[in-house]
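Here subunit A shows up in two complexes: once beside subunit B, once beside subunit C.
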Partner chain A sequence: MLEGKNLIVFFENAIAVNNLSFYVNKGEIVGILGSNGAGKTTLMNTISGLIMDMKLKEERKGGERITVLGQLLFEGKDITDLEPHKRVELGIVLSRERHPVFLESTVEENLRIAACSRRPKESRIGIDFVYSIFPHLKTIRKRRAGFLSGGEQQMLSIGMALMTKPKLILLDEPLLGLSPILQKELVRAIKEIRDDGVTVLITEQFARPILPIIDRGYVMENGMLVMEGKGSELIENPEVKAAYFGV
Partner chain B sequence: MIRKERIDRGIKVRSDDIYAISSYREILYLLLPRVIPVLCLLLLPTLLGSYYERVIIISCLMGLLALSWDLLASIGLFSLGQAFFFGVGGYASGFFSYQLGLPVPYSIVLGTVSGALVCTLLLAPVLRLKGVYFSIVTLAFPLFFVRIIESTKILGGTEGITGISPIGNSWIELYIPIFVFLFSLFGLRRLINSDYGIVLQAIRDNDRAVISSGINVYAYKLECTFIVSLLSCFSGAFMTHIYQAVGLSAFALDYSLLPLTSAVLGGVGTFAGPAIGTFILVPLSEFLRVFGTLRVVFYSVILFLCIVLLPEGIFPFLKRKYHQIERFVEV
Partner chain C sequence: MLTGIIVYGLVNSSILLLVALGFCLTFGVSRIANFAHGAIYILFGYLMWIFLNWLKIPFLFAILLTLVLSGIFGYVAYYVAVRRVRGIVLSEVVSTFALGVGILEFFRWMGFVTYEFSLPPIKKGSLYILGFPIDYQRLIIILAAIGLVAFLYFFTHYTKLGLSFRAIAQNERTAIALGIDADRVAALSVAFGSAFASVASILVLPLGIISINSGYEALLIAIAVGIVGGLESIPGMILASLVLGFVQIVVGVYVSSAWVMVVYLLAIIVILVVMPSGLLGKFKELEERV
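This part shows the complex of A and B:
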């Protein structure tokens, strides 16, 4: 479904993603594991196309020059130079790190904003779908997003990504800063999203909660892939154990 | 595949605040961009004749306004009313010189300091505002003063104060603005990189974080406003003595907009940027006088083109080009 061939991303003279090749099959949950600064977020931005926007802004400001090389294929089409909003139309949606939501709007307004590229009727169905995955959001739907807890904002952020009816959802560190109970709840939701026919690409630092549900995983270090394998293989792997389980 | 690479050709050894200078080349590399503009500014007026001497004086005084705008912007307060400081300084020195009959140096110094105090006191209650709210309030301040002077007929009413004693010596009239301008330019550039200036920038970035590290943000803003008012009031006070008159036009919108546009043109937050900006915009508007009433149109078109094509500002652009070599490399 999604395939990256020899992706390289430079931030000025520093290399953030180094010669990365990977693929995601339809209906899979693929995990990308790595410590801070491994290039996970840059990879996510590259896939979702946000990096094109950052590149343009930095160029205008005369700031860091961002260079993207390599090839990205989505369902056989080359999307390397596509703008981010067109990638959303194709069905690639990113839920960004640290749950950015519209703080001044209520939960339901947030969901409606996220669905603004779709017709109102579909947006109604989308909202119901999000509520069915996160029943808790329905009970707080009139509350302003700024007053939600971190976990609730994270749910909302994933819900907003789901509103555009994606084929591939990119989750950037969805479990960041959540309690183990909430992590469990989110992991269940991610599984449910996959069961509903959405392919999931997920990045995470802490492998423990998500390793059991991922089909395949890649391990990144300093922008390079160092390991790849099935979820169950990675659990058994002594290096992964040492690095991401703290055993 | 090819990509463009940037290499810094800057100083090789650089400790905290002291440049470790190893060769004449490095010294020249450091000094040239500073010395050349300063020398130009000091020598050009003697070569150009009295008309352009006047243009340079006005550029320096407007440059002070732009520098003070930039200092206010670097604490996160975007003022739309630089004319307020300018006018208060002008009227204060006019008052001291004409109504109290003080000699020129005293009236300029007293006008600057008392004007700055008045401005700081009036702005103190609104310093808690942020963003567009502060801009609106500062936009209203000059208008407020204009109406007060108009209706109460104090300080000469609509006619203003005329017949203020001139500065007299043309050398003093030329070099005092230049020296004050250069001193504030390099002083402010130093200030903003000192510990004090870092706090100012931090307040712009995230004032709550500054509060939680135990710093009184309000006091910092007040001090900063006082410095800003000093510079702008000096500009107004000096201008009063050059024109030998001060009127309601001292509160005109031009004096609010010129600092802003020159800062945007030159590069906000760099101090050198606004300085370069005023030295482009003020002479430019003089050169464009040949177009008569179309002057403003050409002026706006040039400004528009500059801002669209160089959004980072002239100074950051030049600085980057000076410090970096760019070349293509194969990946």
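This part shows the complex of A and C:
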């Protein structure tokens, strides 16, 4: 469904994604595990196309600070140079790191905003679907997003991504900073999302909470994918254990 | 006297709000300070005049045509004058200001400077409120200001385009990640700002003649209301219009009408020194948008 070939992303003085290739099959949950600064967010931004927007803004200011090389294929189509909103149209959506939502709007308004690029008939269905996955969001739907807890904002952020009716959802560290109970709740939701037909690519620093649900995983270090394997294989690997279980 | 101050204060505040609304809308959504705003206000005043007097287009149709053309003009102006320098505030200001000066001085060069250039009121005549005479046009201006604010509220809360305006205004990168085309929204925000300017010119210009200088004055009004109100909140703009509008009338009555223009400049300076984010603005939003 999604394939990256020899992706390279340079920032002015650093290489954030270093010649990496990967693939995601339809219906999978694929994890990318790596510590802080490994390049996970840069990779997610490259797939969603946000990096194009960052690059454009830098270039308008006169700098040539971001370079993106390599190739991205989605359902066989080359999307390497596609603008982010066109990728959302194709069915790729990103729930950004640290769940930035529209703080001055209510929960329900956030969801309606997220459905802006969709036809209105589908919107209501989307909201019901999101509320069925995150029942808690329904109980706080009139509350302003600025008053939500981190966990609630994270649910909202994922819910907003779902409102675009994606085929592939990119989740950038959705469990970061959440309590174990909330992490469990989100992991359940992510599985439910996949069971509903949405392919999932998820990044995490700590493997423990997501290992049980991922079909495959990559380990990322300094912009490179250093290891690939089934969830169960990763769990057996002593290095993964040491590095990501905090043993 | 007090009735007079209240009525004319309200009229004046409504004028300021009408003139400033488009400028503030564009800025609030996409952070583009459209310094051609005053020129657009005058441009479509003249165009309306040409439709009525040269082309003899019926009044209501001329209004419609002016609104539509002003929207298209704003949209195109974004791609011509703003897009390449997007994000570099000084260049945006220089570019749009140059466009504005070009438009205004073009009309001066064409000789659009005599007393024949004035627009007809929407409704002639006047009535008495609490024993105080007020003409229908000024009354319409007050109602239109209220109506436009109501429209803006409805538009930004219940239409898809309005919701994507607010999305971009609140967090551009998240909006982009959700599939909103930031460039198109920016262009449309200039288009709406421009259409609002033409609404203002159709309503306000009939109170006097269309003059080049009122184009520069309109820009000053927009900046003053924007800075005093905080540039991104509708309540802030309403408050700023009321404060500036009433202060001007009081100054005009008790000091001298020569000082009326000074009110804008003083207000801008005082606010920038004392409350740089405006009466109801929130500077912190700038950080949250990153």
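For the reader, a short list of remarks on this structure follows.
Simple rule for what comes next: the second predicted complex is superposed on the first by the 244 of 247 C-alpha atoms of A that agree within 3 Å, B and C clash if a C-alpha of one lies under 4 Å from a C-alpha of the other, contacts with A are read in each partner's own complex, and residues count from 1 in each chain.
Please note the rule applied: a residue touches a chain if its C-beta (ideal position, glycine included) is under 8 Å from a C-beta of that chain, and two chains touch if they have at least 3 such contacts.
The model shown is predicted, which means the values in this text are computed figures rather than measured ones.
With the C-alpha superposition on subunit A as described, subunit C and subunit B clash in the combined arrangement. Partner contacting the larger number of subunit A residues, of subunit B and subunit C: C. Judged by the touch definition given at the top, the superposed model places A:E236 against neither subunit B nor subunit C. In the superposition on chain A, A:E12 contacts subunit B only, with no contact to subunit C. Contacts of A:T164 after superposition on the shared chain: subunit C is touched, whereas subunit B is not. Touch criterion met: A:R60 reaches subunit B and subunit C at once. Legend: residue contacts after superposition of the two complexes on their common chain; A:I113 is shown touching subunit C, with no touch to subunit B.
When both complexes are overlaid on chain A, the residue A:L103 reaches subunit C alone and has no touch with subunit B. When the two complexes are superposed via chain A, 135-143 is the only one of 45-53, 99-107, 135-143 or 225-233 in subunit B with C-alpha atoms clashing against subunit C. Note: residues 60-61 of subunit A belong to the subunit B contact set and to the subunit C contact set alike, using the contact criterion stated above. Only residues 8, 10, 12-13, 60-63, 65, 67, 69 of subunit A touch subunit B when the two sit together in their complex. Subunit A meets subunit C in the complex at residues 48, 50, 53, 57, 60-61, 83-85, 88-89, 93-96, 100-105, 109, 112-114, 116-117, 120, 160-161, 163-164.
On the side of subunit B, the complex with subunit A involves touching residues 1, 3-7, 311-312, 316-317, 320, 331.
By the touch criterion stated above, subunit C contacts subunit A in their complex at residues 84-88, 157, 160-161, 163-164, 166-167, 170-171, 173-182, 288.
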